[in-house]
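Paired with subunit B in one complex and with subunit C in the other, subunit A is shared by the two complexes that follow.
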Partner chain A sequence: MRFFISRLVGGVASIFGASVLGFIFLRLLPANPTRLLLGPLASPAAVRALRLQMGLNRSVPVQYWDYISQFFRGSWGYSYIYGRTVRELIASRLPASLELELCAFAIALFFTLLLALLTTYRPHRFLSGLTRGLALFGQSTPVFWLALVSLVVFVSWLKILPGPNGQLSAGITPPPVTTGMVLIDSLLAGDLTAFWNACEHLVLPAVVLSLPSFGFLVRLLRANLLDVAHEPFLLVARGRGLSRWKTYSRHALPNAALPTLTASGLLLAQMLAGSVFVETIFNWPGVGALVVNSVSNEDYSVVQAFVLLSACAYVVLNVLIDLLSGVLDPRVRRRAA
Partner chain B sequence: MSALQPSNPVLVVASLQTEFRIARGKVQAVRDVSFTLEQGERLGIVGESGCGKSAMALSIMGLIEPPGFIVAGSVKLVGQELVGLPDRRLRKIRGREISLIYQDASAALDPVRSIGAHLLEAIRNHDATIGRAAARRRAVELLRDVEVPNAERRLNDYPHQYSGGMRQRVVIACALAHEPTVVIADEPTTALDVTTQAQVLTLLGRLVEERRTAVVLITHNLGIVAEFCDTVRVMYAGRFVEQASTETLFTTPRHPYTSALLGSVPRVKQLLTGPLPAIGGSPPDLASVGPGCAFAPRCLRSRGREICQTTAPAAPLRTDGHIVECHFADEDDAILADETQ
Partner chain C sequence: MSLALPADLERAAAPDSGRFGILRQLLFGTPGSTIATGALALLAIAVTIGPLAWGKNPTTLNILNALQAPSWAHPMGTDENGRDVFARFLAGGWLSLIAALLVAVSAALVGGLLGVIAGFVGGIVDAVIGRFMDAILAFPALLLAVAVTVGLGAGVWTAALGILLGAIPWYALLLRSDTLRVRNRAYIEAARALGARRALLVRRHIIPHVMPTLLVQFAAVFGYAVLMLAGLGFIGLGAQPPTAEWGSMIAEGLQYTLTGQWWIGVFPGLGVFIAACATAVLADQMAKVLDPRRTEG
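The block that comes next holds the complex of A and B.
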C-alpha cells in the first residue's frame, strides 16, 4: 500500500512538472497569440481587448493556474483551423491512433517474446543472427525512411497492399462508429470485408511503427535471458526435477522480463511521438497527423493540449508499469517503501 | 560402516569421466572417478576450488550441459543407470531419489518467488495429485522440520527477507521434500558464518540420520569433513588421490596432497608466529594433463624422481584401508614439510 501511494504521488508530481515545462515553453514562443488569431491588420484596440479576454494581462502564475484548471475541467481550447474544440478534435482522432499504436506495440511484444525465447531456449545460430540483424536494423533505421521504403516495396512494386489512404479503401463503407477503432467496429458490425480491408491498411504502418521498439526490446530481453541463464537457482530448480521448459518459463523468464517490462512501458509512450511520422506518411487519421498539421498552421491550442496529454499518458503508463513490476518483483516493493 | 566392503550400495559411481569442450581444448574436469555410497553413509569429498568437485556433483545429477559432457563411466542409483538416461526420465529421479543442496543459498533461490512457492514447487513436481491445501500443509511441515521459526507465516516471505542460514535451511527443506535416498551437498555451508555453519550442519546431520539418507558432502573445509563424514575422498585435478575412513585419513594421511591440505589448515599458534601455511604452486590446467602424477609439480616427495613425471600412479587397496594414488605412499611427509617451513 505504501508502495502504491508513493508511486502515485510521484506520478502526480511528474505531471505537474511536465505541465509547468509545457506552459513555460509556450510562453517562450516568439509568436503573439492575439496577432495569430486576429491577423496582422487588426487594430491595436482589438488586440488589447483579446489580450484581456484571454487573460494574457495577468501574472504568469495566475495564467498557469487558469490553464491547468481549465485543462483538468476538460476545456482544452479551440482550434481555429478545424473550427472545433480541441477536446472534440482529439477525441475524434484518438481511436485511430490508439488502434495503430496498440497494434504496433502488440506486434513488437509478440516478436520480442517469440524471437528472444527461440534464440535463448536452445542456441540457434541462424535465428540468433537473424534476430540481432533485425534488431539492429529496427533500432538504427529512421521510421520515416522505413515507412517510405515499405510503401515503395509493398504498394508500388509488389502491389499486395493498399496505398497510404487512411484506415479503409475508398470503396469500402466504414462500419458504424462504436469504439472509433475500425478493426473493432467492423468486427462488431460483422462486416468482414471492412475488417479485412482495415487489416490490410493497418499492417504496414503498424509493422513500421513497431520495428524500433522491437529492436530495443528484443535486445534487452535476450541479454537478460542470457544473463539469467547462468543463475544457480535455475540449476537448483532443475535439481528439484523441473523440466527445462518449466525452469525456463517459471524462473528464467520472470526474472529476465522485469527490465523488458519497464522498457516496454516507456516505448509504448514513445510510440505516441513516433506515430507522428507514420501517421503523416500513411495518411492515418490519428492524433499524430493532427499535431503535425496544427504545428504547421500555428494552431497552438491543439499542440499545447497534445503536449500535456502525452505527458499524462507517459506518466500514467510509467506508474502502471512501476506498480506491475512491484507486483512481479518483491524486491522492488521493498526498495520503494 | 566401511565403504570398503559394500553391502547395500545406494549409489555406485564407476570410472566417471566428464569433460568440457571449450575453444582452447578439452578440460577434463572429472577423470575416472569411482566410489560407492552405502545407505545412510556420509561421504566427504575434499579438494581445492576448481578440482572438479562440482562438475562431479552435476555429472551424478545428470545436470551437465554442453559444453560439458559425460564421456565415460556409469552412475547407478539404487541399481538404475543414470548416465545416458533421457532427461524426461531423469526428471522423475532428480528431487525425488537424489537431490542437490547448492553451496550458496542466496543464489539457489529464485528472488522473485516466495519461499512457499519454492517448497510447493518441490512438493508438487513429484506429486501431481496432492491438493493445494495439502501441499501447503506439507510445506509448513518441511519448514518446521528445518527449524524455521513461525513457519506458517514465513512461507509467504521472499528469499531476501530471510537470513543466509534460514535460506540454506529452505534449500535443505526443498532437497529433502521427497525423502531422497541420496543428497549431494555441494559446499552447503561455505556462504555462512561459522556459528550458522555449525547449526546448519547439525540440522542436516539430524535430518539425514532420521531418514537414513546417504550424503555426498562436497567441501574444501576439512573441519566440516572431520565433524560430519564417515569416509573421505580427497580430490585433486579431477581424480580421487586418497580414500579412507575419516579417522584414518586425519590420523595417517598417505598422499602428499592430503598431508599438505591438513598442514594448511590455519592454527592459532601458527598465525601468531608466521605466514599462513599454503601449498606452493597451483593446480594443473585440466585442459592439458600430462602422463605423470598430476600433483608432481607441487609435490615435495617427487623432487628428482623420474617416475612421478612419467607414470600415473596406480591405487591399490592397502592393508590399512587406504587407497592412495602415490608412488611413495609409505613415505612420511613430516620431515619434508618441516624443511620447508
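The block that comes next holds the complex of A and C.
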C-alpha cells in the first residue's frame, strides 16, 4: 500500500514540477506572452485586454495559480487560425493520431517479439546481425528523413502506394464518423473499398513511425532475454524435465518482459515526437500535424496546450507502468518500500 | 612460420592497455566502430574546411538556376531559389554539429556537476536536485525543447538551450548513482581520514571513477542533439531562413519530394543520419570497452 501511495504522490509531484517549468518558459520568460496567444495580427487593444484578463500585473504565484487552474479546467485558449477553441480542435484531431500511433505500436511490438525471440531462442548469426542493424537504423534515423525517403521510393519511383494525402484518396467517400478512426469506421460501415484505401494510406506512415520504437524495444528485450538466459533457475527448470520451448516461454520471457515494460513509458514520448513529423509529411489530419501547422502560423495557444497535455499523459503513463510492475512483481514493491 | 617473440605474446594476451590502447579500441575496436569513426571524421573535416574549399555561398540566390538535378557544378543539385545544396549542406552541417557539440559539452558539465554534488553531498541538496530533474523528465524531450523555443523565440541557440535542458537529467541521474556507489568505499574513507579536503576527494577519487559513464553519455547526447536540432529545424523552431541548417533544409525539400526534385531534402537528411548513426555505434563501443560488465549481444 505504501508503495502505491508513494508512486501516486511522486506522479503528482512530477506534474506539478512540469507545470512550473511550463509556466516559466511559456508565461514568465517570454517578453510578451499575450502576443504568443493572440498571434502577430491581433490589435493592440486586444493585447491590452488580454493582458488585464491574464493578470500579468499581479504577483507570480497568483499568475501561476490562474495558469494552472485554467489548464486543468480544460480552457486551453482559442486558436485564431482555425477560429475554434483549442479543446475542440485537439479533440477533433485526436482519433486520427490515435489510429496511426496504435498501428505503429502494434507493428513495433510484433516485430520486436518476433525478432527478439528468434534471435535469442537459438543463436543465429545472420538474424542477430540483421536485428542489430535494424535496431541501430531505427534508433538513429531521423523519422522525418525516413518518411521523406520512403515517399520518394514507394510513391514517386515504384508508384505502388498512394501519395501523402491523409487518410483516404480524394475520390473515396469517407465512411460515416463513429469512432473517428477511418479504418474502424469503414469496417463498421461495411465499406471495403474505403477500408482498403485507408490501409494503403496507413501502411507507410505507420511503418515509418514504428521504426524508432522498434529499435528501442528490440534492443531492450534482447538484452534482457540474454541476461535472463544465464540465470540458474532456467537450468533448474530444464533439469526438472521441461522442454526447451516451455522453459523459454514460461520462465525466461516473463522475467525479461518486466524490465522492458518499465521502460516503455519512453515509447509514448517517442510516438508523440515522431507523430509530429510523420503526420506533417503524410498530411495526416492528426494532432501532430496540427501542432506543426500552428508553429508555422505562430498560433501558439495550440502548441502550449499540446506541450502541457503530453507532459501530463507522459507522467500518468509512467505512474501506471510503475504501479503495474509493482502488481506483477513483488520485488519492485519491496525495494521501493 | 615465424617465431613469436615474448613481447608479441604479451601484446596478444593484453591487446590494448594504457591510454592510447583504450582510445584505439574505442575508435577502431570493431569493423563497425572503424567505419563510424571514419564517417564522423570525414563529415567533420568536410564541414570544417569544406565551406572554404567549395567556395560557393550557401545563401546566394540564383532563380534562373533553380531546381537543378545533381551535376558536377552542383553535386547535390540546387533548391527552389537556385542555391547550391552542397554549399548549404556544408554550412548547415557546420552549424548542426557545432551546436550539438556545445549541447553535449555543456550538458555534461552542468549535469555531471549536479549529479556528483547530489551524490556526494546528499541530504536536502540531493532532494532539491532530484525534484528539479523530475520536473524536466516529466516532459517528453522534444516537447520540452518546443516549449523553450516557443517561449524564448525560435532559433538555433534557443533550440540548443531546450535540448540542453532536457539532456541534463541523463547525466545527473547516472553520475549521482555512480558517485553514491563509490562515496562510502574504504579508500575514500582512508583519504578522508588522512585529511583530504572535499574538493581533492572529488577531483582525485570521484571524477576518475565516473568518467567512463560521462564519456558514454557524452557520445549518446551528441547524437541525440544532432537528431533533435534537425527535428526542431524541421518544425520551424530551429534556425530561421535563410540560414542553412539540416533540419530546415529537409522541410524546404518536402514540397519537392513528389515532383521529382528529391535531392533538396534527401542529402541533408543523409548528413543527420550519418552523424547520428556513427555516434550511436561509437557510444555502444565505448560502453563495451569502458564498462565490460555491460554487454550487449
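As a convention for this text, the second predicted complex is superposed on the first by the 315 of 337 C-alpha atoms of A that agree within 3 Å, B and C clash if a C-alpha of one lies under 4 Å from a C-alpha of the other, contacts with A are read in each partner's own complex, and residues count from 1 in each chain.
To be clear about the criterion, contacts are C-beta pairs under 8 Å (C-beta built on N, C-alpha and C of every residue); 3 or more make two chains touch, one makes a residue touch a chain.
In this text, all values refer to a predicted model and were calculated from it rather than measured experimentally.
Asks: Taking subunit A as the common reference for superposition, should the pair subunit B and subunit C be classed as clashing or as fitting?
Replies: Fit.
Asks: In the overlaid three-chain picture, which partner chain does A:231 touch, first (subunit B) or second (subunit C), both, or neither?
Replies: first
Asks: In the superposed arrangement, which partner chain does A:222 touch: subunit B (first), subunit C (second), both, or neither?
Replies: second
Asks: Under the stated touch criterion, which partner chain does A:163 make contact with: subunit B (first), subunit C (second), both, or neither?
Replies: Only subunit C is touched by A:163; subunit B is not.
Asks: In the superposed arrangement, does subunit B or subunit C reach more residues of subunit A?
Replies: Counting residues of subunit A touched by each partner, the higher count goes to C.
Asks: Could you look at A:269 and tell me whether it touches subunit B, subunit C, both or neither (first, second, both, neither)?
Replies: In the superposition, A:269 contacts subunit C only.
Asks: I'd like to know which partner A:242 touches here: subunit B for first, subunit C for second, both or neither.
Replies: First partner only, subunit B.
Asks: Can A:152 be said to touch subunit B (first), subunit C (second), both, or neither?
Replies: Touch partner of A:152: subunit C, not subunit B.
Asks: Go through the superposed model and pick first if A:255 touches only subunit B, second if only subunit C, both, or neither.
Replies: first
Asks: Smallest separation in Å between any Cα of subunit B and any Cα of subunit C in the superposed model?
Replies: It comes out at 14 Å between the closest C-alpha atoms.
Asks: Where on subunit A do the contacts from subunit B and from subunit C line up?
Replies: After superposing on chain A, no subunit A residue contacts both subunit B and subunit C.
Asks: Which of the residues in subunit B come into contact with subunit A in the complex?
Replies: Where subunit B meets subunit A, its residues are 58, 61, 63, 87-88, 91-96, 99-100, 102, 104, 107-114, 121-122, 125-126, 158, 160, 171, 174-175.
Asks: Mind pulling up the subunit A residues that touch subunit B in the complex?
Replies: Contacts found on subunit A: 231-233, 235-244, 246, 250-251, 254-255, 258, 328-331, 334.
Asks: Which bits of subunit A are touching subunit C when the two form their complex?
Replies: 10, 13-18, 20-22, 25-27, 29-30, 36, 120, 128, 136-137, 139-142, 144-145, 148-149, 151-152, 155-156, 163-164, 219, 222-223, 226, 268-269, 272-273, 276-277, 280-281, 291-292, 295-296, 300, 303-304, 306-307, 310-311, 314-315
Asks: Along subunit C, where are the residues that touch subunit A in the complex?
Replies: Interface residues on the subunit C side: 131-132, 134-144, 146-148, 150-153, 223, 227, 230-231, 234-237, 247, 250-251, 253-254, 257-258, 260, 262, 265-266, 269-270, 272-273, 276-277, 279-281, 296-297.
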